[in-house]
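Below are two complexes that have chain A in common, paired first with chain B and then with chain C.
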Partner chain A sequence: MANIEISDLSMSYQKGKQILDGLSLDIKDGELLSILGPSGCGKTTMLRLISGLIPIQKGTIKVSGKDISKVPVYKRNFGMVFQSYALFPHMTIFQNITFGLKRRKLDKKEIEQKALDILDITGLSNLKDRMPSELSGGQQQRVSLARALAINPSVLLLDEPLSNLDAKLRIEMREEIHRLQQKLKMTTIFVTHDQEECFAISDRVALMNQGQIEQLDTPQNIYKNPRTEFVARFIGYENFISKEWAESKQWQYHKDIEGKLLTIRPENIEIGSGENMLSGKVISKNFLGNYYQYLVETEIGVLKVNTTEDQSSTNAEITLNFPEQSLIELEDK
Partner chain B sequence: MKRSTVLLLYPGLLLILVLLILPILQMFLPTFTGDQFFLEKYFNFFRSSGNMQVIARTLIIAVVTTLITLSLGLPTAYWISRLGDRWKKVVSIIVLFPILTNAVVRNFAWITILGKNGVINNFLMQVHIIDKPMTLLYTNFSIVVGSVYLFLPIMITSLVSSFGQLNFEVEEAASVIGARPMIVFFKVILPQLSVGMLTGSILVFVGSLTAYTTPQLLGGNKNMVLATLLQQQSITLGDWTSASVVAVVLTVIAVLVMTIMNYGTKLLDRRNAK
Partner chain C sequence: MRTKIKFSSVVGFLVLVILVVPLLIVIITSFGEESAISFPIKGFTFDWYANVFQQPDFVEGLKMSSIVAIVASFLALVVGTPMVYVLTRFDIHHKDWFQTIFLSPALIPEIVIGFALYQALVISLQLPLFISLLVGHFLLCLPYVVRLITAGMMEFDESIEEAAWMVGYNKLSAFFKVVIPNIKQSVVAAFILSFITSFNNIPISLFLNGPDLNMLPTSILNYLENNYDPTVSAVSVILMIITASIMIIAEKYLGLNKLT
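So, the complex of A and B:
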């Protein structure tokens, strides 16, 4: 088991494009940390630097206190799961799983026993003699996970492992990853662009933007207290209000950090009166299944309001209330 | 298929019957007829040590050519498959370029390179590595050189398409769980290329087995292969029956080798598809 200390990691391609920009991050032993961000934010590059698939240009990565910058990829003893499953197409499931074990100095009996154990805990025992192309996507990704875990890695790296699966399988597989990670207490880094799957299983989330970490926090804190406008937008805050304007109206809001902008989720704005009120006119109403969404034109622009009940109709003049605890101040960036 | 559509096949089928099947029968039949036992002509052919030498030379040249094109083709194809899309096209065209030149022209180029007063001998004599010219031309060596040059583009092309189907991440997955680069190459990359390697090998092997121009121009009269022996028997000596015997032997070898290799490809294919 291992903890990881990443400090001042930078990476750029020849054309001068900065992929990672002085990034530092500590991952605790046995923790499941997600790296969340839009495509191109550098999250996959970071994972590949940790795995050793690409060499470090600047900065250091320490695993259990030891600098691994000079350790070649095949000696790091990590497990990795790829988006494309990346199974060995010419080997059976059993051979796929024993491949990593055979690279270690173990006797035949031991290899076989370890492979059978891992097949058992991943529920793949009945598929061991099949070829990868005979398996469904979900089964293939399960094999890929089993192959990574078979070598008893010190760190498990997951590179968008659920992206190629359909919605139902994605939830099933995410639970499976979580279950195995908890069972084996393995330090895990999970790269994804999907906030739901990341919030569901992570101990902590590092939200990345343009090669830097915007916020590192528990899923609950990121959801409830985003620090920057980027984080707020990424996790579904859609209404932004100038703090100066709010102060001029003597509005009360959740003060935690110092900035110029306030934000609130569409579902937290109430239709009716309360402490922070603003009137507006409904310019559109949409039924979106489990909620209604109204676009309300106000003196500070068009706001999005979601309610579970049908509370108004197009062209109606309404009063909106912004509950103090849901109106969050953001840091300038 | 509709009857009228089937009708459209007849002209083509007729052409094949008249111009391919009948001539082949005409070639085959005389070798089995006559006063003696029906295989007597073949016994005679195989009894001659000269003929056996020709068969051995033909097979050795084909095997060596296949192995050399394979080992030269693998790294080249690997490099090409990793190029960007635009460069991949450019390099592929350059690789195929020699095929566009006439075989006779190409072999004459080798004559001027390998000859007694050729480029190689002149150079080695000028830098005083040798004092008298080496015999490079009109040897088995020169036939292999010419054949490798002729068939390398074909090998590279069939390997490139095979490399193109490889998934990068599969190699990465292997190295993350502990495989050194050599292991990745031999246990992960090479097995996935087996079908492409076999296809390329069949094309090169059968091609060099039946090649005529290259062994004729670069091998001379002393180093005969089956194809040049056939030409000698028929055109030079006018002994059409003996020529037919050679042709049948050549055809049987080619079909046999192709069948075996095809069977191998199918086995591997099934393993990959399973």
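So, the complex of A and C:
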């Protein structure tokens, strides 16, 4: 297995647009690390640099201590799952899976045995003689995963593997990826723009913005303690309050880092009284299934408040409470 | 609405008549017994078909036209396919210039290409006629190859090729084992269109033929200068049958939409 050390990776296109900007990242052996970010943040470029599909301009990538910058893509022995599945359309499922094995010094029996093993653990045995076009999207992505794993890669790279699937299959497939990754203890990099799917299966998450990593942490820490405004907004913090104003009111908040801004999730604001109070007027109320969302106009602007129960109505004057532990200070950027 | 439908069906019918009737007349005249082409025909005979195969110019022409068409189409594919691959896959400076250059033979009048090649290759460089002829027909075929293979490459998902690299194939083997099998239809279509274009060409062949180098269409033209008998009709029918059967086979295996 393998650990990956990425240091000072930069990449720009001829027109001068900087895609990656001196990015460094260590991925531990057997870890599932997600790269999360909006489109255009450089996450796919980063994965393609690691895979070798595009050449490195600046910086180094080491796998198990060995610099792979000069190793061509076909010699890296990395598994990759593409967003578009990218199965070989002219081959059966079995041939798709053995295609990479045929390139290795194995005899026919070994190749067949390996392929059958992979088909077995991915639950594809009964589809092995079908053509890719005869399979559903979920099945095709499963084959794509099996094909990547068949060559016994040192690193598994997943490029938005779930985004072409429908909601139910997406959950099923991500559990499958997680199960296989745990079983094979394979170092895995998972690129996605979907916060939920990434939090569900990752050991750590690297949240990217404009070619840099904004925060690298466990899903729980990113969720509870976003470091910057960008991270906070990306993972659903919608209320931002100036620290200067909060201090003038002697509010208590969660101090961890030093900055100018405080943030709180809509569901963490309480209606009622407590340590940090602010009054306002409900200007709109929406029922969104498992919660109600209120827009409350206050002296510091319109705030979003989500509650599980119906607690107020439009035009009502209410008091909001901001619990100390949920009010988080952000770093300036 | 009704009048529009009427109008287009009238136009369609007229086009069909203008195109099909003369061809039908050619077919009918090839069976006439009289020694000059006349319509309507008197009597019925297959003699003119037999006569076609007694004319060394036609037999040699058919052979030479087939050889040139096959070799030129093959060369155009061998040169054109990798070229298109490079142009569609890599970020190359002045990509559009290259594309225009490779398509340009289709924009230059064929008779000009024929004359220019005659001047340059035969007169100045003293190249053998056969080679010059091949060069001419290669240039004729190249635009078809470029267009059809480009269309095929555009439809082909790049990630599929990348997937082959990822599992251990270098770019060359991935090209042959993954790219080519998936653009096979375009390759076959390009070959067929090239073949037909080359096989039926006159302007280029006219400049680059010689005493021992006759192409079928130019032989027909030469024959017509001295004779006006139904042999010409018969050989025209044979030419039509060859072209049509290739088209029908292509249509059956590829679908006509690939060829247009």
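FYI, the second predicted complex is superposed on the first by the 333 of 333 C-alpha atoms of A that agree within 3 Å, B and C clash if a C-alpha of one lies under 4 Å from a C-alpha of the other, contacts with A are read in each partner's own complex, and residues count from 1 in each chain.
Operating definition for what follows: a contact is a pair of C-beta atoms (placed from the backbone, for glycine too) under 8 Å apart; a residue touches a chain by one contact, two chains touch by 3 or more.
Note that the coordinates shown come from a computational prediction; the quantities given were computed from them, not determined experimentally.
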{"item": "Joint occupancy of chain A by chain B and chain C, clash or fit", "value": "clash"}
{"item": "Contacts of A:114 with chain B and chain C, given as first, second, both or neither", "value": "neither"}
{"item": "Partner chain in contact with A:131 - chain B first, chain C second, else both or neither", "value": "first"}
{"item": "Partner chain(s) touched by A:170 [first = chain B, second = chain C, both, neither]", "value": "neither"}
{"item": "Partner chain(s) touched by A:78 [first = chain B, second = chain C, both, neither]", "value": "both"}
{"item": "First, second, both or neither for A:51, with chain B first and chain C second", "value": "both"}
{"item": "First, second, both or neither for A:147, with chain B first and chain C second", "value": "both"}
{"item": "Touching partner for A:99 - first (chain B), second (chain C), both, neither", "value": "both"}
{"item": "Set of chain A residues, in rising order, touched by both chain B and chain C", "value": "51-53, 73-75, 77-80, 82-84, 86-90, 99-100, 103-104, 144, 147-148, 150-151"}
{"item": "Residue ranges of chain C in contact with chain A within the complex", "value": "157, 159-160, 162-171, 174, 178, 181-182"}
{"item": "Partner chain C, residues of chain A touching it in the complex", "value": "51-53, 72-75, 77-80, 82-84, 86-90, 99-100, 103-104, 144, 147-148, 150-151"}
{"item": "Partner chain B, residues of chain A touching it in the complex", "value": "51-53, 73-80, 82-84, 86-90, 99-100, 103-104, 130-131, 133-134, 144, 147-148, 150-151, 153, 157"}
{"item": "Parts of chain B lying in touch with chain A, wherever the complex brings them together", "value": "167, 169-170, 172-180, 183, 187-188, 191-192, 194, 271-274"}
